[in-house]
Amino acid sequence: MLGIKRSLLVSIWFMFLTFPLLVIRVNTVENTVDWRFMNMLYVGVGSFFLSFVWRYLMERRARGGGRSGGQGAGSVMQRVLGEKRIFYPIAAVVALAALSFPLFSDAYQTNVMISTLLYVMLGLGLNIVVGLAGLLDLGYVAFYAVGAYAYALLNQHFGLGFWTVLPLGGLLGAVCGVLLGFPVLRLRGDYLAIVTLGFGEIIRLVLENWGDFTHGPSGIANIPRPGLFGMDLSIHDAAIYIYYIVFGMVLVTIFVVNRLKNSRIGRAWLALKEDEIACQAMGIDKAKTKLTAFALGSTWAGFAGVIFAAKTTFINPACFTFLESALILSIVVLGGMGSITGVIVGALVIVVLPESLRDFPQFRMLLFGAILVLMMIFRPQGFISTERKKYEYHGAADETPAEGE
Amino acid sequence: MLVGVNADRVISATFVIGSALAAVGGVLIASHIGQINFYIGFIAGIKAFTAAVLGGIGSIPGAMLGGLILGWTESFATGYVSSDYEDVFAFALLVVILIFRPSGILGKAPTQKV
Amino acid sequence: MAAVLELNKVCMDFGGLRALDEVSLRVEPSQIVALIGPNGAGKTTLFNCVTGIYDPTSGDVLLNAPGGESRRVNGLKPNKVTELGMARTFQNIRLFPSMTVLENVMVGCHCRMHASILGAVVKGPGARAEERRVVDFSYELLRLVGLTRWVNEISSNLPYGAQRRLEIARAMATEPYLVLLDEPAAGMNPQETDDLKELIVRIRDTWSKSILLIEHDMSLVMGISDRIYVMEYGRLIAEGSPKEVSENPAVIKAYLGEDLDA
Amino acid sequence: MDYFLELFFGGLTRGSIYALIALGYTMVYGIIELINFAHGEIYMIGAFTGLIVAGVLSSLGWPILSILLLASICAMIWSASYGYTIEKIAYKPLRGAPRLSPLISAIGMSIFLQNYVMLAQTSDFLPFPKLIPSLPFLEGGEGVVSTSELVIIVVTALVMGGLSLFIKYTKLGKAMRATAQNRKMACW
Amino acid sequence: MLELVGINTFYGAIQALRDVSMKVDRGEIITLIGANGAGKTTTLMSICGVVPPRSGDILFEGESLKGVSPDKIVSRGVSQAPEGRLIFPDLTVMENLDMGAYLRRDKQGVQEDFDYVFELFPILHQRRRQPGGTLSGGEQQMLAISRALMARPRLLLLDEPSLGLAPLIIRQIFSIIEKINKENTTTIFLVEQNANQALKIAHRGYVMENGSISLSGSSSELLANEDVKKAYLGM
């Protein structure tokens, strides 16, 4: 009874809230007003029922609260991933499926998969910065742009090929990462976020306005696709070729990130994220550690940028808006910060799901925003929370007898 | 708690007041410029945030000062340099200020408790 | 023999407030030195000045490696100080909560490791051996503090007393010659405190480290300290052996609680 | 000199608006250390509400000054309601969560609101009626400063003055300052 | 007046209080002593609803405080001067006191309490226009106590009022605490590490160890108790 009363209040509140924007539409030129009372009804009914769901979820959350991640809905997934005997075959099957994917699909599907894989790369790169080192970077797309423009411009002016520029793009990304990282090292978490966001916007605005150099808003067209021993590839074949390039790059990325994660440097990143003061007290150089994270993260954005330019053959500043950064960030967050598998799942969800929702393109971003909020509230650790490596003791076999306590 | 202030209510009040002020700004500027779009909030928001940080976030006089400094910077940069780079100037100003004064012009440095 | 840690007239001001007023103290090699005093007397501030979190307003903090060079560490960054051979624990436990127990200790080994980014990715024989050495060493330390049961447990899941001991193991992992313990027994029950007492003594005797500790538990302080310094309002009011200190009227008045003129 | 003055007043106008919006950021940050990323959207919603109210009223043929007043008041009411609701939905459940969580939630909210307004209204630019009449005696000022600029500057100054007094002297204002200084004590 | 019935309080998974039961009668000064980290402050936090106990109950004047929000608890007549003198550093002394009276509507009574507080601590009157942060440690403690008094509490909770203060000032503050207790029959719940001082002014005391009550009794009993002497009085 109380619930119904509360939901009624919520429903009235939301009808009031959405009244001007959803119900009235004015045409200021012709001075006419369009009333859409149906919308009000939808909102009223919708919020009435949703408020029950909301309250139920909040209650469940409160009951499960106080206990940190690992428990709850994700635990089955966690156990599957933790168990090597189950995880390796699954990974192998996924890899095989991914390998043979272009053979069974059309150009459009291949292209979607290329995008997905690119986002996996970007996500894994940003994951180093955000997920491992805990530095919120909202301007990640700037490094992506650096890579893409590096290829487009170097190719246009100096005729450099894809394979030459690929490492260069990564290098340029890293250099920009250090350039940005250096001055902002002293900033606290959220300030850092805003400065990186500003930096991303600066790069985009420069690209847009420095017409002589970057061709301004109209962008650069006719960027060559990567060549294969000088062969002429049809568009479809070229797509398949790029697919395998990206696939290879993703494997390399996974390998590298995985190695880093459980190394001296990866542990330093994590420690930095968890407690800066304790981290310094362990003799870890804060500045150096942050810089390596920035540099490595942006290297991958640089790589991905080069591939992106080669894939689309056309780039302009509009490809590198803040929204793109937000998208990559949400891949990391949705997947589960710090988790490699999580990023892959996140990229699939973010790229493939909206593609399959093609009939409702206008709701895509709306849902996307809502999901970000809901994820933070109900499952802040993401789909898959980080699994930590378990170590074995290699030393002498004199295993200690029962410990104290 | 200890002095009986209901924090939830204070926080809500803060949001309400801040939002109402923003709305005044919205109506005034929209009528000044003469057109609006769903995207205006993003850039204006970042600029205003820049202003808040410039002045020292958390400080109310700081926000006013920061806003004016940013407004003048942009206006003079557009007038005397080039209108293309208006936003670049704003963001560059933010980055520079934060590098040299991480807590803004009127902001207080946070004290570290160990 | 030279003292491993030497403070000469260290002052620390916060705004107009003098938190430390000309504090001088010495920690000799393989000694347990305790710093006691009422809450707010400036003990933790002193730790922070020594470990580089604060830069003292005036005075010298000298760190003399046993058989090595002497360094003035004022104003050095905390990580530099740790590298020079001083490690600390914190009053409110500051572990890396989502990392495992072993990883926490391995982070402590960071500054004694050399693996570069490339090394970590390629994982050549050198990097592999180093990694192995660190795992073994960390395990050894966990055995020292009695935590081998929980090696792969997420550290925030440990009981309180175990977290305190893990912090000590983590500090030891930086291979210091001087360990600073900030209220290691806070929140422990008498049994745990006894274990801790024994652990601290073991660290001094078998690992020959020097220890400077802040503690309120008098049974612990009086039982194991070689030397005690007493602070009040940022000033040292007494120093000496446990016996001397416990009989010092100024100390009794300021801290131990016997109000003389009552 | 005129050019300089024109830029000066232009900058002042702009700056006033930035300051008005910045106050929202600063007050929220001061109290809960959150960058309310959706605050720009609140401002946008205010502008839209103002436009809608102005459109409805002008189709009814109301006088322009009353439209300006009512549009502003409605904009304030609805923006404030949105601000209130957003806090309850997207930020309050995240109190005590790691610092990044509310920020990401705020970004999500911002994206949501942008698209909500786009879907509910339009993605095109909408012409906004001139609600501030140009007073003839100022138009002689050789284009240095327009009436609407003056109105903006004056209104902002008044609002800020009012806010300062509010913060300084009212009970709620004092509570806000207290909470900002010491959240742990003033509340939870 | 106040009764704690077997409360258990947790911070996340960590249990801070174990089955704590206590009783405070009207007009008493009760002290809770114990080492750092024993759970004394947590007990206070549980009473004022900041960290509500997971089980057990707290009764104030016979009514349960279960599920009552912290500000409601203040308005029922419980206020606190927190540990470490958490005053508002940028607010003036007057404004700090104003905040103490935040929930009160009776202008007349508030004015009386201003006068009363200034009579207790004349120094605060001299400094009434100064920001709280510029006061000395002892003055800040006085301000914290005064602010708590401005809520006109029937039960006053004091968390380590002697923390970091000089003996002379401690004595001064403790004698004023006694005075407050006698003059307005305000019940006082005093948490102290300085056991000796606290037991001198308190009627009864509880000793806390590791989150549970290990001893209780009248002040003179506790002062004479060998264990207490050893552990807390350093004898």
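Some observations on this one:
When the chains are written out, they are named A, B, C, D and E in that same order, and each has its own residue count from 1.
The rule is short, and it goes like this: contacts are C-beta pairs under 8 Å (C-beta built on N, C-alpha and C of every residue); 3 or more make two chains touch, one makes a residue touch a chain.
Model, not experiment: these values are computed from the prediction.
Among all pairs of chains, B-D has the largest number of C-beta pairs in contact. Relative to the C-alpha centre of subunit A, the farthest chain centre belongs to E.
Centroid to centroid, with C-alpha atoms defining each point, subunit B and subunit C lie 44 Å apart. Rounded to whole angstrom units, the spacing between the C-alpha centres of subunit A and subunit C is 41. Subunit C and subunit D have CA centres that are 51 Å apart.
Of all residues in subunit B, those that touch two or more other chains are 1-3, 5-6, 42, 46, 49-50, 112, 114. Contact with two or more other chains is made by residues 35, 45, 48-49, 51, 78, 82, 110, 113-115, 117-118, 121-122, 126-129, 175, 178, 185-188 of subunit D. Within subunit E, residues 13, 50, 70-71, 82, 86, 99, 102 each touch two or more of the remaining chains.
Contacts from subunit A toward subunit D in the complex involve residues 13, 16-18, 20-22, 24-29, 31-33, 39, 58, 61, 130, 134, 136, 138, 189-190, 193-194, 323, 326, 329-330, 333, 362-363, 365-366, 368-373, 375-377, 380. Those residues of subunit D lying in contact with subunit A across their complex are 33, 35, 45, 48-49, 51-56, 58-59, 74, 78, 81-82, 85, 89-90, 93-94, 97-105, 107-122, 126-129. Residues of subunit B that touch subunit D in their complex: 1-3, 5-8, 10-52, 55, 57-64, 66-76, 78-80.
Taken together, the subunit A residues at the contact with subunit C in this complex read 68-70, 255-256, 259-260, 263-268, 270-271, 274-275, 277-286, 292, 296, 386, 388-395, 400, 403-405.
The part of subunit E that touches subunit C in the complex is made up of residues 13-14, 35-38, 84, 137, 160, 162-167, 193-197, 200, 209-210, 230-235.
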